[in-house]
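Shared between the two complexes below is chain A, which has chain B as its partner in the first and chain C in the second.
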Partner chain A sequence: MAARGMVGKTWGDRIVLGAVIALAILWIVPIAWVLALSFKANSELMMSTSSVLHPPYTFKNYADVMATSGVFHWFVNSIVVSGTATFLTLALASLAGYGFSRTEFRGRDILFVFVLLGLAVPEQAVIIARHQLFTDWKLHNTYLALIMPGLSNAFGVFLMTQYFRSIPKDIDEAAMLDNASRFKIFWRVLLPLTIPAQATLGIFTFLLYWNDYLWPLISATRPEMFTLTVGIASTQTNFAQSEGLGFLMAQAIFAGLPVFIVYLFFQKYIVQAVAGAAVR
Partner chain B sequence: MKVFRTLLLASAALIGGATLSFAADKTEISVSRFFGACEADYGKTTDVSKADGECGIITAMINKFNAESPDTHVKVDIVEWPGYDQLTARIRSGEPPTISVMHEAVISDYESRGLLEPLNDGLKAAGVDVSDFTGAAKEGVTKDGKIYALPFDTHTWLWHINLNLFKKAGLVDSSGNAILPKTADELLAQAKQFKEKTGKPYFVMVLANETAAYTRTFDTLLYQQDSDFFANPAKVNFNTPEAKTALTLLKTLYDNGDTTKNDDYAATVSGFAAGDGGVMINGTWLVGDYVAQSKKPDVALSNGYAVVPFPQLYKNPKVWADGHSWTILKANLSDAQKKSAFEFLAFLWNNDFQWARTGHLPTRKSVIDSDAFKSLPFRTALAPLAQNGTALPAGVKHQFGVQTIEGEEVAAAMRGDKSIDDALTSADDRVNKLLSQK
Partner chain C sequence: MSDAAAPTRRFRGADNLPNWRNGLFILPFLIVYLGLLVYPLLWGMWISFQQYDMFDKSATFAGLTNFTNLADDPIFRGVVRNTFVFVALTVPTFVVIGFALALALNRPTRSAAILRAVFFGASVLSVTIVTIIWKMMYLPGRGLISLFIGLFGLAPISFLTSANLALPAVAATTVWWIIGLPMMLFLAALQQIPPELYEAAALDNAGRWRTLWSITLPSIMRTFIVVVIYEIVAQFQLFGQALLLTQGGPNNTSRPIVLFIYETGFRDWNLGYAAAASEVLFFLMAIAAMLQYLASRRSETH
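Now for the complex of A and B:
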């Protein structure tokens, strides 16, 4: 099949294909290594990680992950936080994007520049002030504290604004001729056209929240409010987990699985997003 | 079906009510700790003697306490090591744990901000005899005459030795014990002989993705030369002949190929077990694991493992040390919570021997002198470390930051990225800049 697929290809195509395959292998080897380690007993790995190349293999590391009492609670927390934040980010970014692209108001362009400036401010620069703010509001150890900070998503507003701008205004005008209200135009006509951008933004937002570590670490300090990243890290033993390498790898696979599934279902949009195809 | 559902609900209500009344009878305190989670293996263990490893033993200990205490229930909050970002955040947000595990090296930081309760009176009332503290433990938890933590262990720097390779190198005496160097020159000569006879480096050192190991070895070499590099706790001085001697030795070992290179922590742990070198410089916490490995057949350490304190190469036998301890955070605790907190600390104190099975050294003189402790593998040889273990002065702030800077500069000099003089000057400047911060 592969040979037939290459019929008619130039040498350049073949070199590119070879390079892509080589890069794919390079990328997948560490993942496969992690997966393989997760099926080995900790005591064996402490002797040598090369034992991964031969049996015996075990599911004990996964059983141990499941037996950690908080793990499903942390999983639910991560789902709630990532899911809600993704939904709200999409809603806010879409409304803001529509506003910046389709409405006229004084200071609009300056305001948009201010929003874009948000892209230049790293989270670490404001995290102490933000922690103080949430302390004053007594919101730490709540879902609200975990969800709120990322909602003012400058990238999301920028992406949606650019996407709305790429949609011809003739469509709005045609809808107006049919007596559609501004909200109806937004909701029924324009929003469905932004699905690719929504998907891109949704995936990025979900992954961002799912993988977030720093803010949950200092805001969700009660174990019952841990997200999966913080919770799983807390279960690691000291000294680089060198005495429990298999367990550590099983944790990594467990934590990465939902992201893998998201990728599996939405890979088309992710590829589009990475390639910049989502912004027309 | 309806009857069944009613019965089910009634049962649930009864069980729920019973649980609530059980919990309500006890005062709950929260204990924040690292050491990991191992509920799968020890979630229900209350016989501490049946647990192994740091995680297993502390889990079983707390299970036992909760099962036996009529008045107190400990709620455990497990954090990722070392957990200080989270602890600081909890304190700042007004929700500190009642008790937190803390390295003795950072007690000064928290105490100087007024965040820790002095424990002298409470420990006395709870029956903890502070005169039983070992020298290292007492020094680690005391500041200006006040005790700010219950010392739990002293952990320090050892030489884990592959005796099988030492035999091959001709470095064992007639009793089969490792012949240890007594000077830096002897060490270099041994390393040369070792490599010639075995084809392997003398040391398995943690040299990648890690700074703590560099610092611990470097500090040990300074302590052994009586270098008072922190004569003033607010200002370090690494521009000394002793520091230059220490760093020159480490760089020579590196340049001569007397150590494995590019190994991170985990790689050294498995590399030593696989026989990559003769000596691994690492902590007390690995003793139990390697003793277990030495009992297995057909592995590199089979019947060939020994562990000794970092040998005396200069004027005295001092070795870098730190310790785990338990602090009570300042909060508006009720009298009942305070009583419960000290009840728990006293319980930990009374189980110091069990914790010593991890490989860490006890903080009680009476435990060190006990037959039970002496009967543990290699503990008689390691016991002097409870006195020789040396930490930075309690007044030195930001000790974790200081250790990181030291480690980075020592690494740069060993690898040849900087000259020894430049590295020491840079370490001096950077540490003093850090110490000048509040």
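Now for the complex of A and C:
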């Protein structure tokens, strides 16, 4: 907004800036607090947390996290589940998006509306029957059970269909004159043009799976099948009486740091992905 | 990918005619969609009409019994009320603070970019980590809020075990967690406003408030509606924060609908009753989704 704000700092500007910075401190302090506590010995935190600004500090909690907790295993589970699910979502959504936007077949438009209706269905409305279904299929406590449900999310199909529609038709018409097959046009010509949409949908899907809590909580009941989110949650019980507060804090930092680093690198795409999903 | 194709030679090969084979592109997704969404959705509706025997897990058709029982269940009425209170606490906060932050941070400076990242950053964390952070804030005695108010000689407050404060504490955590999303949506909308409008206002010597009222707000009306309805739908689904911070307590005062569904279905295994509760939630959210659809159509015709 070049029209205002460039004129020089007024008192109004200063007050706004002060208020925003005060609010920002409120947003940073909780994380800084947990970060600082993670470097404190458990025994010290048993008595009091007020010494957090004074040494001694220790790395022992982090060493313990690596050595004793299931965190690393859960981390690998989360990577496997979120990574595979992201890949499959991109494949399904790209194929369907191409089909809906570029090809003709009977019932196409009705089918598209039928898929869009799925956007209005919340997970909670299907979760009980889905749990029964996976029990019948004996799938609980497998990677497959954690990966499959989210693949039915219609949002990716919607996003990819919109994106394919925005690509000029001349491009595939030219390829069609060369007698290329439908799949070849999709794979060689159009798919490479959709990389920005793939990045957006990919990051969105990855975060959705990485942070999902409800489904993995009811499907994965054996600790070795926990995702990071469920695993960390399982260690949170009896927080107030906990003798290992420093350890718990280190575990939280360890679990949160990877996403945070990814966020710092891909900020632009993440914001687009999350905002784009909301305004669908 | 050449532009050399003569525009006069429009393709007229069999390829562009309707062909059932083209449906194969849709088929993989359609199978997953039918199997994992449509089928469980319909089956869930069927389950909601069933009465499950807790001992031998057999089911008998019960008509609307589950729904009438829900209507008479004081706990279910309580969780519906809690959910509405939670929505009423969070959604206006998201809109007001989100919009204020967007206005304040809509400038091309480096400090504004850093502040935007600060407010959005927490949204990428999972609910588990966010609740650990906030338990460590709320913990009486050793939590940061206790230490802070202790400086002024005030006694520790047990936020999460107080009937009056538990739900607001869950709401505050939620606002801290995902305020970045409404902020980013408002920012995106602000950047769509043509700068000429502001230049014209500046020529008219319109003041800051006048500009806000007569240019900024009308221009982003659609985003306002989107944010409000999106947040209503999202906050209706409160689950993880409540389960991990308060377990729905004390005395059910912070138990939301989804936590009720989870406990009824997957702890008590009373599947019919849980499914009926999930249909009620679906119905409430469908109303909100319908409003979103109507609102977006209306603003498009304007």
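Points to keep in mind about this one:
Rule of thumb we're sticking to: the second predicted complex is superposed on the first by the 218 of 280 C-alpha atoms of A that agree within 3 Å, B and C clash if a C-alpha of one lies under 4 Å from a C-alpha of the other, contacts with A are read in each partner's own complex, and residues count from 1 in each chain.
The rule we apply is simple: contacts are C-beta pairs under 8 Å (C-beta built on N, C-alpha and C of every residue); 3 or more make two chains touch, one makes a residue touch a chain.
Computed from a prediction, not measured in an experiment: that's the story for all the values here.
For chain A, the partner touching the most residues, choosing from chain B and chain C, is C. In the superposed pair of complexes, A:49 makes contact with chain B and with chain C alike.
When the two complexes are overlaid on their common chain A, residue A:233 makes contact with chain B and with chain C alike. By the touch criterion defined above, A:259 lies against chain C but remains apart from chain B after alignment on the C-alpha atoms of chain A. Legend: residue contacts after superposition of the two complexes on their common chain; A:218 is shown touching both chain B and chain C. Once chain A of one complex is fitted onto chain A of the other, the partner contacts of A:175 are limited to chain C, with no touch recorded for chain B. In the superposition on chain A, A:64 makes contact with chain B only, not with chain C. In the superposition on chain A, contact of A:76 is made with neither chain B nor chain C.
In the superposed pair of complexes, A:270 makes contact with chain C only, with no contact to chain B. Looking at the shared chain after the overlay, A:131 reaches both chain B and chain C.
Chain A residues 45, 48-49, 131-132, 217-218, 230, 233, 236, 239-240, 245 lie at the interface with chain B in one structure and with chain C in the other.
Those residues of chain C that touch chain A in the shared complex are 1-5, 7, 9-11, 13, 15-26, 28-30, 32-33, 35-41, 43-44, 46-47, 97, 101, 104-107, 115, 117-129, 131-137, 139-140, 142-144, 147, 176, 181, 184-185, 188, 190, 195, 198-199, 201-202, 208, 211, 223, 226-227, 230, 233, 237, 239-240, 244, 258, 261-262, 265-266, 271, 274-275, 278-279, 281-282, 285-286, 289.
Taken together, the chain A residues at the contact with chain C in this complex read 1-5, 12, 16-17, 19-21, 23-24, 26-31, 33-34, 37, 45, 48-50, 91-93, 95-96, 98-100, 103-106, 108, 111, 115, 118, 120-133, 148-149, 151-152, 154, 157, 170-171, 173-177, 179, 182, 186, 189, 207, 210-211, 213-214, 217-218, 228-230, 232-233, 236, 239-240, 245, 248-249, 252, 255-256, 259-260, 262-264, 267, 270-271, 274-275, 278-279. Taken together, the chain A residues at the contact with chain B in this complex read 45-49, 63-64, 67-69, 131-132, 134-135, 140-141, 217-219, 221-223, 230, 233-245. Put simply, chain B touches chain A in their complex at residues 34-41, 43, 53-55, 77-81, 85-86, 88-90, 92-95, 264-266, 269-270, 273-274, 283, 285-286, 289, 293, 299.
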